[in-house]
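Two complexes follow with chain A in common, the first pairing it with chain B and the second with chain C.
Entry: the complex of A and B
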């Protein structure tokens, strides 16, 4: 990883000095041991602060949204970043000519305190970038150690009352900080329904009903566009099992409308919920 | 409707039916014209097309005290806007499963295609849904329930 780190620093420096890009998005060391934090810089000198190690837990993929207005940005992209960028591109949030994607193969990231592989990385099926302009180092072909829908099937097998208790308990913990929305590469609406105070979709109370309303609406809004990066679940300060909701929708899409995985390339058919077939499953007769 | 609310103490299910303007709403109208009897527990709300059915409407209805939600639209192929109900069908298939997954009884959220001529089907559907929900009892969504150690291994 240290040679990748060296390569990152020198490529970032070159790109900024040549004026090819306006800014670079990567990671730098954080304040604590084994912690990193995103680094966004336009200064060639600062590229020496870039790091790459097993604790680069942040998915940088959403940052281009806020930066490309001023011109081209370079971003270091593993599987999750590359898919987030495809998400932004297919949702027409950014333009292809405004991102320069430097691919890095990902071996999986670790928790800062326990040293264990992160849950999202154990579940991840695409550690290597699916789109890039250049590649640093070799693809890692990291296997997913966790079955994609195992969690969903486990919950589905519970009796209804237990599922209700499980999710009611989960929603009762939500503090509606909206971190899960802020970090999500699918959540790029200029104005989110939670902020439309006058329309009043969502009240200001913090109770289970409102939290559930927010939680389920988020899942439906993200829906078929979720890239399964697991960032929402990682950032949630209250440890809500958000992936067990996101993946439920994907699981059903898989079962109802055929094998589905989004944001793997730029020329994909329309996502499952924005299209239809005349002979789709019929249950509502 | 007034009948329901003037019986003090007795719980009556409250169902909101989101009905497409071009078919089910007309069907409900026809049921009325034909003096068909159906339970007054259902409140009919008109939407322009089943494709307009926002999952948030259903969530909000359940949050605000309804015991069940019914969504009705034109039969596939008959949508006034050609394809609205095809999109709605996909969305509702997924949404219904999500609601049930997180604990809602299947009877409390239902979707049916009912045309403008099917007054009888409207009456039967509404009656059926009301009776199913009555059997389930009131929906308590907002009770504060914090169970510790409820983890899925």
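Entry: the complex of A and C
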């Protein structure tokens, strides 16, 4: 990893100095031990602060959204970043010519306090970048150690009352900080539905009904576009099991429309939930 | 502040029977912004409507809730009523107190409580509506008919006779479709050519009709009243202005090509007319097989042509023209039974033929000049087996539906065979005999009288023994195993949609059902319309049927077209989608979901944060949008709003329902 870190610093420096890109997105050491934080810089000198270690837990993939208006940005991308970038590209949030993607293979990241592999990384099926302009180091081909829908099948097997309790319980904790929305590479609306006052989709009260409505609406909006990076669940300060909601939708899409995984390449067909076909399955009707 | 009027109808006892109408009105008077609520025995009657108008004037009402029957029934009535008042016709909400309330409840208390909820919701919604205005769309007074079978010809003639210009696009080199291939037609047994070819020449020579043969629709843009249609006419290699149709060329061509019109039972030259009475009555060169065009050899036809009409360097002609209405009459083809039924030989026995081949065999102008001779050795068959429902009503191998004409033409084939081969025997295997239709059952009975033997069951296997075909099957009425040595077997195979109709349908936003038949807008009430305004259907393209039904439908479609073309302008439906460009991020989710291809992405300049920027946003074509609302639920950002059903008004409706 230290080789990669060196390579990152020198490539970032070159790219900024040559003027090829306007900014670089990576990680730097944080204030605490075993902690990193995103680094966004336009100064070649600052590239020496870039780090890459087993604690680079942030998915950087959403940052280009706010940066490409001023010019091209370079981003270090593992599987999750690369898929987030595909998400932004196919949602027309950014343009391909405005990102320079430097791929890095990912062995999986660890929890700062326990040293254990992060849950999202254990579940991750694509550690290596699926799109890049150049690659630093070798792909890692890390296997997913967790079955994709195991959790869903477990919840679905519960009796109805317990299932309801599971979600009621989860949403009773939500403080509606919207961290999950803010971190999500799919959540790029110009104005989120929760902020649309005129329609008033969602009440401002913090209660289980409104919280659940927020959670369920968000999961449907993210729906067929979720890249399963697990960031929402990681950043949730109240530890809501958000990925079980996301994966439930993905699980249903898989069952209704066939094998489905999004944001693996740029030329994907339009996704299942936003196309209209006369012979669409309508088992729910 | 809005001024809402609520009008609640007794509908005789239809609503009042299970809803306390007076109580509902009483509650309505207490709802926010309601300035007046009244009841009426029959609101839709003349005095009822006059009462509504009077109240609107008296209370200065600016929007109304009608607590009546379903909007399907009377929404238009109320809109027309409002058009006579200062109230905008779209400032209206119908609360369905009959079909969805009084008719489904028995308990008056329950019915009343629900009616109150429905009125509350309607009041909340109408409060948030804005006036809408329709715009005028000009109508191009010409029609396009796609497919020149009997359906297309009949529709074209009817429209043309009403005085409008019609273009008929036919993919083959001649008009006529399947009907002109048939020998005689049930139930009257008039000669098909005798009734079909006069229609063809009438179409060909009608001053209001242009026939584009050997042509297909390449693309369609625009909307009702104004379809811009691009048509590709394949190169014919013959200048039809010079050609007199003398036919000298066709006698000199040395090439032999399988004759599809004769169902593969004879050969034709590379320069050919589809059949003697073809319209247009001029030949074309089949470029794929012409030696001159392929290898620059031969050229015999150009040498013999007395008018010098042949040009080997002819090219496809692509034209774009505007039409006000389109009729789709693309008909059918027979299912390719060969890969589906290996037990019938899968095509390896030449004497197992299809119904259309049989039509050509009995036809006096067919390959055998009307003598029923079997394809393998030209001998007259004495024992003929007819198998119905081959591919039809067989979801495992073929299609699930009934092809509707086969029971009748199966009987026809039996009759024709017994008529031509008096010492022959004919066995008909059937699942059911379906003969509803004027004179149809009598026709079937006559066939039985002729001596046709009907056996209820399917043939399980056909194999060859000597020069005969052994058919094994079961008579399910007697449970007897049947073994028939036949000289020839006729398969009455399923009708399936014409090739390419899927593409045509998606070009026009006309939906196809699971079997790819084009779907009508409503199975009962709008049988010749499609979901795309200005596009109509007729004939087998909509689903299997026989000639009488096809002609009826063609006339119906023509009358709809005439009704449309009669207008100089159409009123657009103002209840369409609108893009809130501030919210639209341009990801195009709506573009993919819109069944009518009404949405495109456009680049637009905006001033944002005191800067000029260019962004991609969605744009709705008001002529194409049918107001289905699919985009509004697809747009996560809520940037799509359906006028008349805005997100805001629907949310207020939900709120009204959820308040205790």
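Everything below uses one rule, namely that the second predicted complex is superposed on the first by the 279 of 285 C-alpha atoms of A that agree within 3 Å, B and C clash if a C-alpha of one lies under 4 Å from a C-alpha of the other, contacts with A are read in each partner's own complex, and residues count from 1 in each chain.
By our rule, contacts are C-beta pairs under 8 Å (C-beta built on N, C-alpha and C of every residue); 3 or more make two chains touch, one makes a residue touch a chain.
For clarity, every value in this text was computed on a predicted model and none was experimentally measured.
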Fit-or-clash call for chain B and chain C when the two complexes are aligned on chain A: clash
Which superposed partner A:198 touches (first chain B, second chain C, both, neither): second
Chain B versus chain C as contact partner of A:91, first or second or both or neither: second
Partner chain(s) touched by A:190 [first = chain B, second = chain C, both, neither]: second
Partner chain in contact with A:276 - chain B first, chain C second, else both or neither: both
Comparing the two partners chain B and chain C, which touches a greater set of residues in chain A: B
Which of chain B and chain C A:252 touches, first, second, both or neither: first
Contacts of A:238 with chain B and chain C, given as first, second, both or neither: neither
Intersection of chain A interface sets (partners chain B, chain C): 193, 201, 273-276, 278
Sites on chain A touched by chain B in the complex: 151, 154-156, 158, 160-169, 172, 193, 201, 207-210, 212-213, 216-217, 219-220, 223, 241, 244-245, 248-249, 252-253, 256-257, 272-278, 280-285
In the complex, chain B residues that touch chain A: 55-56, 59-60, 63, 76-77, 83, 86-87, 89-95, 97-105, 111-113, 141-147, 150, 152-153
Contact footprint of chain C on chain A as seen in their complex: 90-93, 188-191, 193, 196, 198-201, 221, 270, 273-276, 278-279
Residue ranges of chain C touching chain A (in the complex, touch as defined): 511-514, 519, 582-589, 592-595, 616, 630, 634, 636-638, 647-648, 651, 655
